[in-house]
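Shared between the two complexes below is chain A, which has chain B as its partner in the first and chain C in the second.
What follows is the complex of A and B.
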């Protein structure tokens, strides 16, 4: 706690990135370029492999940005006070949707080698009738619509918040509150459709009504992890050192814990229900990922995927759950940062688990290790551009909505 | 002391439903002090009951009597008196079971999840929502109890060492239900009773008759309101809130597993667990609103359960309703997308088959009518809000009817199709379960504190000293200063 009075802004605090932002922008761009080039080089002309790895990184950051947008909407919907000082970071992460809207282009270009339905036989009894929905033209149109909608939502909140920085008009807050309910409805429909189209259709025969909820839950865990890590990074560079304190971290830690739990709940429900009913069309998806107890899919047949499935189970659920349970783990910043970094890593494991095994439907000579390495390169590549965009949007602006009417409440926030 | 001084209530009238950015609206209206809160709440018990209460009790007890007679008739005759048949072995009893368990979700959501989210407005409504939860779960538990064929052997559902060498089937979600609902009932009951101890002590101290003094004295467990008592109380409350939170998810998830683990088209859907939970909260809030609207009027506690409380509940009902609507849409889309002919047929059958009227009813009551609550004017109109809650209650019952009856009457092979119609015993028992529910609830409002007086007092400005950021008086001044600065 700083020495100044509760609920009052510290006049000496830095709230702009300045030189750090410029260095960060350049460094991120270099990392992004190196990551994508490495993925390209390692996949050695195997566009299917590159496409899957790229999609892994892309979906990682898309889910995080979409979750950030959800966080912004929900803060306004509930008129939350505690989060005012940290809301701008989420707004900036949501404003990475435009760069993701550009980065989606390679997926649209490469989708022929990735999505099995592109080559489906129209007379196929299962895939044939689905081609009304799953065809290149309609797919591209839908993806464009999704991004236009999501970017518009993110920009609408961002522009109101930025405008308030200069005019301090309370009407901005009132407007955002008033329309946040409607925005959430638009968001929920678009977000579900994105999950079905971009990821679930990699295995076009397979379907799960829970799928969008699964990606959403994982994305929120990833988002809160990156929120904690970003704030720690900013504070280590002397930015927002007194406006964001242990109390905000504690609440972010609660959210992180909550979504570790929620992801586990959703993942378990989806798995258990399909495992229990044991319908071949459904269990095939889990068998492809080695997450099966069926004897027919032996260790040797499915390769090392069963190990990854177990790593995901323990790393995304069983280990962080008890670790984040205690109040102290969320209040000791070093410990919380460790678990945030842990969850940031395991969100990647989740995305690899969901996307990379779909490679098995295509002819590829790449090994399991190679697939994982290239997926990580894809993650680094997209991540570099994602962070570059984050630094670019932050620019010379304050990373805190200074004239938000609830800043005082947020500064005085206390968990009891 | 038992009459409420009306002049205290006619303080400055604040319209708390108007949203402001800086001001957090007061949770208790009028120039009310601690004593007024105690007086208003205790008056519900200490004053003479309004005539409406007696009439409602008469109707409820009669219906409850009907339920008991019909259960006796069922036990003596056998389950043939119901409309259940093959293929619809799960008829009204399971529809009603899921319906009542669902109603029971609002209480725990209010008392546990809203508590963890620091929603202080919950203090005015949590007590009677929790009571409603317990009564709803009691109503729910009757159905599987009398549905087991030999209702004198319900203890066979529990795993206990026995000389028959017989264990329950641990792989069956029906057994998980026994544990899930049992745990839920136990924790909810503990939470409700523990939270009531300080208020029961207040009633004990105000009681004039010997019987009341002894009865409330026994149940207040020697509460004297010492610092040590309060400290332990707060710790226990937080722990029970944390324990109850996963239960909000688990109970209806396990109920949904009863259906979703099977291969029956329309039942086997992975979204079932969160969709059932959202539906349960949706239906539960409808019931809380349904009970709150007359109660706050009859017992004159509109300054404690304010218009804003009603509006917040309406909003939660609307948002959970939208989640449920999104789940319906997802189910329909994926049924088509699956290209599984049985799934597709089942979903077509919903709106073209013999029960299309029930499906239409469900869509109107659950999806269309509650959309009125988007409009502030309408959701602040108690008549509209009451009608919306009635609509949701009907809609959520039909949702269970839709899932259970419609899927069972038309599964894979046309030769095994059937139809279902409830018998008069089914309908009588369902009506009777409402009798049980309302009897318990009416007795509750007259004999136990319906509003958590201790907690409501704690969210009033008087409970906080100067400079306490919780009520934000100091923070509020600063915010005002900042606002002036921003405008200048």
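What follows is the complex of A and C.
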């Protein structure tokens, strides 16, 4: 136990980023620019390929930011005390939605070469009726609405939390709690629609009602991974060293474990039903990704995609599940950090698995390896801007909601 | 405070009176959490094993103050879960993917083509395997917890004590069993008194 009393803020603790934030902002911008330029250069004028790689990186960080917003809402809905010291990090991650709202513009520009429904024949018996929803004008309008709604939600929680830092008014907490249920409903509808429109419509003949839940579960696993990594990074720079301790990491580890398993559950549920029914327009999506038990399809026709499907099965589910099962794995920070980094990587594998195989529907010169490399460049590019935005929002502000009424509860938090 | 209470509050008098009778152990009452925690540490350091602390609400740090080892229950749950998983695999395999000659027909596995899938069709078997894993884990957790806490217990000596009723109100207690190898009637009472007990009573079996 440190020198300060239980449940009281350590007066000597640093809670602003200062110089580290400025260096981080510049470094992230450089990394982001390099990543996107590398993706541009490597795709060599293949805008469809660049679009898919860009969308991979974009969806990675969009799901993480949306998950961060969900986390903030859930903390207020459940009136959680344990998370008060770490909630600001999630609020900041949710405030990356504005930069993602700007970064979505290239997808709107390039969408003609990416989404099959743009060129669909209205008399097509499968796609024709769907064109009422899937058409360029309505698509652009919807994407704008989604971002306006999501950014408004994120900003509403963020501005209340920031205002409380100065005035310490309990009314902010009460207001956020009162409306958190309504916010969650708005969030669920908007978040699901984003998943259906931006990613599922890459394969417009295919549909899965579990798809939004699938992306949401993966996004939350990615979010908790980045939450743990961010806190470790901040603490290694001497920030929030006594306010965030093993107990908070343990709880974040539980969330991470929970969503590793929830993702597996949803991914399997989505797969099993369509595998069992064995209807061509449903199984085509899995066959395209090599996720099939049909030997002839999996090992000869789909190229290397079946290997990626297996890597995802083991890396996103079967290996981290037993690894995070034990209480001690979540309480030993080195071990937890390793698995957080692991899940941060496998959220990218998940996004590649979901998005990149759609390239098979387009004419392209690129090889499988090249597609993966460019997708990783897209991830680095978007990630750089995402982190730059994170450092910008943190700025000179406290990375902890100092006057939150439950801060004492969070500081004294203990797991049994 | 009534006359009656004061008599009980002097532990020595009370214990002397009960001398000769078989005693289950002693119960010490504390007024606040801090005293309870420091008393628990002293009882722990004195080498007692068969004792328990009681409080109206969960007390942070009491486990450590009592020297509790972390529970072994997770290992029981893991073993049960793995057993359930194995049972699920065997069940689905035997009933759907085998049909051994020589076994009575009613007990034999039944090879049945479903939806053109192979007999041994793993994705279809995962739900029952998963459910059996969960079921066995839940049994392990529930019955393992009961067994390790020696529950259900229909009677405990502290429940006969009138003072102990405030364990669910505003008082904190430590009960030490006479069966503990480190137990010595007068020394144990002295230890509890010096640890800040406001009252010490003997417990009848």
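Operating definition for what follows: the second predicted complex is superposed on the first by the 412 of 416 C-alpha atoms of A that agree within 3 Å, B and C clash if a C-alpha of one lies under 4 Å from a C-alpha of the other, contacts with A are read in each partner's own complex, and residues count from 1 in each chain.
In this text, contacts are C-beta pairs under 8 Å (C-beta built on N, C-alpha and C of every residue); 3 or more make two chains touch, one makes a residue touch a chain.
Given the structure is predicted, the values throughout are model-derived calculations rather than measurements.
K.L.:
With both structures lined up on chain A, is it a clash or a fit for chain B and chain C?
P.N.:
clash
K.L.:
Have a look at where A:23 lands relative to chain B and chain C in the superposition and call it first, second, both or neither.
P.N.:
neither
K.L.:
Tell me which partner A:326 touches in the superposition: chain B (first), chain C (second), both or neither.
P.N.:
The answer is second: A:326 touches chain C but not chain B.
K.L.:
Considering only the touch criterion stated at the top, classify A:412 as touching first (chain B), second (chain C), both, or neither.
P.N.:
It touches chain B and chain C both.
K.L.:
Taking the superposition as given, does A:140 touch the first partner, chain B, the second, chain C, both, or neither?
P.N.:
In the superposed model, A:140 contacts neither chain B nor chain C.
K.L.:
Mind telling me which of the two, chain B or chain C, contacts the most residues of chain A?
P.N.:
Of the two chains, more chain A residues are contacted by B.
K.L.:
In the superposed arrangement, which partner chain does A:276 touch: chain B (first), chain C (second), both, or neither?
P.N.:
It touches chain B and chain C both.
K.L.:
Have a look at 115-123, 151-159 or 187-195 and say which bit of chain C overlaps chain B after the superposition.
P.N.:
That would be 151-159, the only stretch with clashing C-alpha atoms.
K.L.:
Which positions of chain A sit in both the chain B and the chain C interface?
P.N.:
6, 272, 276-277, 412, 414, 416
K.L.:
Using the touch definition from the top, list the residues of chain A that touch chain C in their complex.
P.N.:
6, 268, 271-272, 275-278, 293, 325-327, 412, 414, 416
K.L.:
Would you tell me which residues of chain C are touching chain A in their complex?
P.N.:
58, 60-61, 63, 70, 74, 78, 115-117, 121-124, 126-127
K.L.:
For the complex, give me every residue of chain B touching chain A.
P.N.:
So the residues of chain B in touch with chain A come to 19, 21-22, 24, 116, 246, 249, 253, 257, 260-263, 268-274, 319, 322-323, 326-327, 329-331, 333-334, 337-340, 374, 467, 469-470, 472, 474-476, 478-479, 482-483, 486-487.
K.L.:
For the complex, give me every residue of chain A touching chain B.
P.N.:
Residue list for chain A touching chain B: 6-8, 79, 81, 125-127, 129-130, 133, 167-168, 170, 173-174, 177, 181, 184-185, 188-189, 192, 196, 207-213, 254, 261, 265-266, 269-270, 272-274, 276-277, 279, 281, 403, 405-409, 411-414, 416.
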